[in-house]
Every structure is written in C-alpha cells, then in structure tokens.
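What follows is a pair of complexes built around chain A, which joins chain B in one and chain C in the other.
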Partner chain A sequence: MNGSDAGSQVVDRTAATRLLRMAAILARERITPAWDFIMSSLGSTVLLIAQFAFLRGLDPSGDTVRYLALARTAYAFSGGQHLERFLIDGYMSGSLMMDVITPLNPLAFIVARSFAGMLASAAATLPGVLVAALLLGGMPGMSWPGAALYAVSLIFVWLASTGLALISSSIGVALKQGEAAVQLRVFITQLASGALIPVYLYPEWVQRVIRVLPFVHLADTSVAIALGGSVSSMYAQIIWSAALLGIGIVLWRRRLARLDVYGG
Partner chain B sequence: MRAALALMRAAFRRHRLSAAGFWTWSVSVGLYQLLGLAFVWVASSRLSAGAEWLAIYVYGVFQGATGLAYAFGAWTVFFASRYVRRGELDALLLLAPDPRVSLPFADFEPVELMGAFAGYAIALIGLRAGTRLTVPNAALTLVGVAAGGAATYSLFMAAATLSLYTKQSSAAISFAMDLILFGQYPMNLYPAPMRTIFTWVIPIVLIANAPARLIDASPGLLAAVLATATLALAGANALFKHALGRFIRHW
Partner chain C sequence: MTGVGTSHMECSVEFDHVCIEYESWRYERMRRVTQRIRALEDLNLSFSQGEIVGVKGPNGSGKSSMLRAMCGVHAPVNGNVLVFGKPPSLFDPKFKRRIAYSSSRRTSLLPDLPLIDSFILRRELFAMPRSDWEGRTHSLVERLSLGALTNRPPREFSQGQRARAELAIALLHGPSLILLDETTEALDLQYLPGLLALLDELSADGATVCMISHRPDDLECAHRIVTIDRGRVAADERIRRGIAGS
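Let's look at the complex of A and B:
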C-alpha cells in the first residue's frame, strides 16, 4: 500500500464516521420530542392490533397475522416518507442548496438522511408489531439461518426503498406535484409489496403481475426468505435494489446539477 | 344560529381550493380510502367467504361517521389544546355565540366532509356486494353514519375537555383518535375480551358497528342507536360546559 492509498482510506473512514454521526443526529431529531414519538408509536400500535385482530377473526390459523408481522417489520425498514418529503420540500423551497454547497457529497448526505429515516421508522413500528403479534398469537417461528437471511434482506429493502424514494421525489419535483407523488408511491408500494395485504391473498392473475414488479421486494420477498426461502430468493431483491438505487442516483444527480447551475 | 351559519360560510370560503390543490387533495384522500377498502375487501373475501359485504359496509360507515366528526370536530381534534395553550380560547369566550356552537362551525372542515361522502359511497358498495342495496337501506345507512358521527364527535369532545383541565396536553385527543380505529372492522371478528371492552368500557361499537346493524334490525334498535347518540352528544356537551366554567373561574 502506498502513501496516497493510506491517505484516501483515512479520508474515507473519516467521511463514513461523519455520515454515521450525521445519521444519528438526524434520527434523534426525528424521535424528539420523545412524548410525540411515543404517541405516534402508540397510534401505529393501536392500528396494528386492530388490523391483526380483524385478520385473526377471519383466519383463525394465524398464518395471515404471522405473514403480516414479518411483512410490516420489513416494510418499516423502508423508512417511510421522510426522505421524499425532505427532498421535495427542500428542492421546492431552495433549502436543498445548503446540501449542495457542503463539502460532503450531497448524495452521501441524502443516504445518511435515508438511514436516519429507516432507524426512526423501525423504532416506531417494531414495538407495535411485537405487541400486536404477541397479543394475537402471531409470533412467527423462524430458524436461525432464516432469521439471519431475513435480517440481511432488510438491508436490501432499505436500499431499494431509498432508490424508489429518489425516483418518486424526482418525478414529483419535475411535475411540481410533490404530495401526489408521495401519496401515489405509498399507495402502490403498500398494495404491491405485501405490507398491507399478503400477496398470496390476491387473485392468481394479480399475483402474477405483482411478482414481476420491484415493489414485492419491499416486504414479500423478505417474508418468503424468513419462512424457509433460500439465498437464491434474495438474488432478485439484490438486483432490483441495485437497479432502483442506480436509477434514483442518476435522476437526483441531474436534479442537483440543475440546482447548482440555475438555483432550482 | 345565524352566527353559526355565517361562521360556516366563512369556513367554506377559507377552504376554497385551487385546481392543483383539489387534485392533490383528491389523490391523498381517495388513495387513503382506497387502501383501506382494498385491505378489507381482499382479506375478508379471500379468508372468509361471505364476510366481505359486512366488512366493507362497517368500514364505509366508519369512514362516513369519522369524516363527519372530523368535519365538525376539527377544533376539538386539532385545535383544542392549541386554543388553551396560546390563550386563544380566552378571546373566543368573549364572543357572543356559545362556544359549543361557534367552535364546530368556525373550524368546519369541508375536506373532511368529502371524506364522509366517500365513506357513505363505500358503505353503499358494501350493501351492493351483499345484494342489500335498497332505498330504505341506503337511507338507514345515512342515519347510521349521522349517529356514528355524533358518537365520535362526543368522544373527541370528552377528550378535548381533558385539554381544558390539563391546560396543555393534546395526548388525550391523539389517543382518542387512535383508539377509534378499532371501530372500523366488524366487532364480531375480534376476540371476546376486546369485544367486551369496546362495547361496555369504551363504547367504540357506537361509531360504526351498532349503526351498521340498523339495516337488519327492528325499529327498537334504531330508536336505541339514535337515543344513545343524542345522549352521548348531550353528555359530552355538558362535560365540556362544566370544564369551560372551571376554566373561566381560573382566569
């Protein structure tokens, strides 16, 4: 290793540490005031208990509740609407200019924000899923390898949803319909991922359509992996998350360049 | 009454939407309602044959009732604690109309009323799915939505009353908003302890489940639901009046 390689590694490590610290600060910002955060977590817990109780009444075997407990956990790692709203509001209002002129790569800053959103969303959702599953007998049984693969697949859920957020906010900004873009993305991903309705409950032809779309990798693929799927089930998830992230980065690089030249 | 109507007209003028604003609102409200409908429809039709019409119907009545309560109860849900915290309630109390009448009309939310109409339409879809869509049933559904709206509004009023006592906390209102979500699914599907709690301890059953039974019930149940809704409204108003009196004494 020559001197310049060592130097660049030190710089990289410093940048990575700085980004992680930034993500921690942003995540803390999202969970304070603590009381508001607790109340919003309580709200999502109540909704989950109601939905799980409804499903338990329809399906006494508990399979649907077990599926949804895993699917909701996976979907929580997508980080909610935080990144999209930040990008759209920041671009429209011009406050994103501050990120463009920081010495850090603005895309790295966006990734830190996405990571913080994921942490906050998981922290708000997981207690609710746990309480609802325990209360209604929907705790999924997983083997250790299954649990490990599920945990790895959650990383790809986060990467894929970061890519989707970049794409949808880019479309929202281009069409000057930010809120509509966010709502449409939430609608499509919730319906087509399995986070709201288990994919196997849809009619056959709908399932066939859903399984070729990328949204299924935000929840259903992770559930299949947890319930005995193999590593090969993850290949499509990895490819899709790389593709979505790649497209999202290209779109936002163009947006940021435009912001740099024209000021939005 | 004239003052209340004038306040309502002003609220309509204040909420006049641009074309872009209307489009955004339609997408937000429409997609939210559609998500809930899809969940209820797919889950109930695939998991328990014959259960879907009632599930859709109860969900529709719930959306209609809560939409109505939010439209007239926006102040209790979103503004009550702010009014107290910022001292705005003091100024409102100096106005001539009774705040129990003026507040719901002054803070009327037309957008939420559109959500209530969408809920009513969903309930009619449920009736159609159950081949029970007749004119009397559609009219009874409307009565059910109104009775459920009154029950929900009373629950919000009771929660807002706590804001007058605690001076700043909006936690009670947030919790009330979350708690009513249990009312959007047929109560007969819940485990027995939950059914007991939501029928006798916190009567969330009054929001949609009891009103939804009006279509198959005798006139006795219709009278009971209407009487309960009226009582709930009167009780919550009396509670609020008492809290207001205490609030004024502590000025």
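Let's look at the complex of A and C:
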C-alpha cells in the first residue's frame, strides 16, 4: 500500500464515521418527542397483534405466525416511508436545498437519512412484533447459521428499500404526484413482499409473478434465508438491492442537478 | 472572526448577462403543458471580496433566484455566473465549504432536538476539527445571545430566536460568501446592532455578504444597495466606503 492509498483509507474511514454520527443524530430526531414515538409504536403493536391473531386463526399450527414474525421484522428494516416523504416534501418545498448545499455529497447525506429512518422504524416496530409473537405463539426457532444469515440479509433489505424509495420518490416529484407515488409503493410492497400476507398463501400463479419482482426481497427472501439457513437464497437479494440502489442513485443525481426551488 | 485575511480586492461573484428560468408544467387532457417563467433577465452585477451588498426589490423580482444562482442551485439558461472565479456547482465540496446560505423560509435546524445538536450535525457535515468547532460555537452563541437556547429544541423558539439560531448555524464553518435571504427580518431591533456589527467584522476579515431584506434597518451595514426589479438591476448605489482598497 502506498502513501496515498493509506491516506484515502483514513479519509474513507473518517467519512464513514461522520455518516454514522449524523445518522445517529437524525435517528434521535426521528424518535423525538419520546411520547409521540412511544404512542405510535403502541399503535403499530395493536395492528400487529390483530394481524397475528387473524393469521393464527387461519393456520392454527403457528407456522404462518412464525413466518410473519420474521417477515415483519425484516420489513421494519426497510425504513418505512420516511426517506420517500422526506425527499418528496423536500424537493417540492425546496427545503432539500439546505441539505444539498453542504459539502457532503448530497447522495451520501440521503443515505445517512435513510439509515436513520431504518433505525427509527426498527425501534418502533420490533417491540410490537415481539409482543405479538409472544402473545400468539409466533417465536420462530432458527439455527445459528440461519440467524446470522438473516441478520446479514436485513442489510440488503435496507439497501433494496432505499433504492426503491429513491426510485418512487424520483417518479413522484417528476410527475408532481408525491403522495400517489408513496401510496402506490406502499400498496405494492405490502402485498408483494410477504410482510402483510405470507407469499405462500397466494394462489400458485400469483406466487410465480411475485417471486420475480424485487419487492419479495423486502421480507419473504429474508424469511427463507432464516428458515433455510442457506446463503444461495441471498444472491438474488444482493443483485436486486444493488440494481435498485444503482437506479435510484442515478435518478436522484439527475434530479438534484436540476433542483427547482421556487419563491423567496 | 473568520481568520480569512484579505490583502487585495478580488471579484467574489460575477453575473454576466445572466438569465434564469423556471419551468412550470401541468397535465391537461393527458398532454403536458409547459410554461417558462423568467426570474432573472440579462443580469449584470459583480460583488467584490469583503463587500456587504444589500439587495431589495418587490416580491417576485428575482432577488432570491439571484442568491440561489450563487449557490449553484439554478443554472443560467443564458450568460455566466462565476463565484470565486468558477461556475458554482452543487457537486463541488470545496466550493460549498466557502459559502453559507440562510433563508427565512427554509431551515437548517433540527426542530425537535436541542439546538446544540444542530451545531453538532453541522460539525459533521463540514468535517470541522473539534477545537475549531468549539471555539466558533462558543463565539457565535455569545455574539448572537443564544446561551439560554442551546438546550432547547428550535420548535419552541420564537421567530426571532429561530432567525438568530439559523444565522449561527450558517456562519459556523467560517464561510467566505454569506448569503442571507430575508433571514434578518424576524430579528427585533434589540439584536440587530449586534448582528450588523458581526457582519461588519466578517466583511473586514474578507467575507463577502449579500443580504436580502425589505427592512431598511437591516441594510444599514451595507456598502452597496442593489435594487432588483423584474429580474434586472434597477439601481446600484454605493452608500458607504470602508471596504479594504475602496
């Protein structure tokens, strides 16, 4: 390694540390005021208990509830709608300009915001999943390799969902239909990821369609990885998350290059 | 205060026959209808290093578009904007380290966290050395009377308190070009002299200041007052001397 390689590694490590510090501050902001956060977490717990109870009634063996506990946990790591709403509102109102004129690469700042949103979303959802799983017998049993691979796959859930959020928000601002883009993305990802309805409960032909779409990698693939303990299931998730993130970054780079800010 | 010493006059900003347009569009019967709105029309203007330029003009005259063009947010459809001798770019970190932009309509503050967290976020964004950050934070908090507010969230601030906090955040990294878009208008007259004295010091250290305001009091420290109307310079008056070399 020559001197400049060492130098660039130091710079990269410093930049990564700074991004993590920023994400920590932004995540703290997402869960403040604390009572707002606690009450919204309580609200999502009630919905999760209802969803678990419904599926427990459909499948008394408990397999579906165990699937759902893993799927909802994975989906929580997608970060919800935080990034999309931030980008759409920021672009439409011009407030995104305040992020863009700082020396940090605007896309790096967007990724830090996405990471913060993921931490906050996970913190809001995981207690509810745990309570629902404990109440309705949905605690999944996993091998150690399965648990480790599942934890790694959550990183790709986050990357894929960041890519999806960049793509849907870019389309939303391009068409000036921000809320429509968010709701359409939520509708599709909830139905086609396995987070709301386990994919194997759909008719065969619907399953075949869903499994070729990228949305399945936000929940169902992680469940398969956890229960199967096989790394081969992760390849498609890695490829899709890289592709979605790549497309999303290209779209937003173009959008930021022609940021329109109206008014005083 | 910035430590940016100035030994000679140089041009900080130059607008050369600049036209800026906004594209506005909507769908009508499934067809995209585009309308172009011209914000700046053949604007010729230059600011020297260390100058404080007050900008005034009616609503919708192009003042804010001019400031945002200096940040690199709006690319001209005609003419050239040069800042520190180069076209401003949103993807050039070195350029963005040298500018500060503050607006009454857009915030850099974290509304729900104590104000000090906004200062910390700024330190990370600008990769400021900790000692430098501590010194500048202490100085700005004192100069802008923010001592009692650092542990309170900006959501609880009055408009004036918020404006002072926005200014402190904007000035924290020691910029060479300070762009204030009606930021001072919410300040009450008690705090205004302190802020104007601060801008005067920054200007003496070599920073160029461009401030938009509708209040004559805010522009008292300006060396020049530029009036913009319908995207053009309607008047350009030098009202006081005192920039090094002038």
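Basically, the second predicted complex is superposed on the first by the 258 of 264 C-alpha atoms of A that agree within 3 Å, B and C clash if a C-alpha of one lies under 4 Å from a C-alpha of the other, contacts with A are read in each partner's own complex, and residues count from 1 in each chain.
By definition in this document, a residue touches a chain if its C-beta (ideal position, glycine included) is under 8 Å from a C-beta of that chain, and two chains touch if they have at least 3 such contacts.
Bear in mind that the values here come from a model prediction, so they are computed numbers and not experimental data.
Applying the stated contact rule after C-alpha superposition, one finds that A:G43 touches chain B and leaves chain C untouched. In the superposed model, A:W35 lies in contact with chain B only, and not with chain C.
In the overlay built on the shared chain, the residue A:L184 is in contact with chain B alone; chain C does not reach it.
In the superposition on chain A, A:Q51 makes contact with chain B only, while chain C stays out of contact range.
By the touch criterion defined above, A:Y202 lies against chain B but remains apart from chain C after alignment on the C-alpha atoms of chain A. Of the two partner chains, chain B is the only one that A:D59 touches; chain C does not reach it. Residue ranges of chain A in contact with chain C, taken from their complex: 14, 18, 21-22, 25-26, 28-29, 32-33, 93-95, 97-98, 100-106, 109, 176, 256-264.
On the chain C side of its complex with chain A, the touching residues are 22-23, 26, 59, 63-64, 68, 71-75, 90-91, 93-94, 96-97, 99, 101, 103-108, 110-113, 117, 120-121, 124-127, 153, 181-182, 212.
Residues of chain B that touch chain A in their complex: 20, 23-24, 27-28, 31-32, 34-35, 38-39, 42-44, 46-48, 51, 55, 171, 174-175, 177-179, 181-182, 184-186, 188-191, 194. Considering their complex, residues 35, 39, 42-43, 46-47, 49-51, 53-59, 64, 136, 177, 179-180, 183-184, 186-187, 190-191, 196-197, 201-202 of chain A touch chain B.
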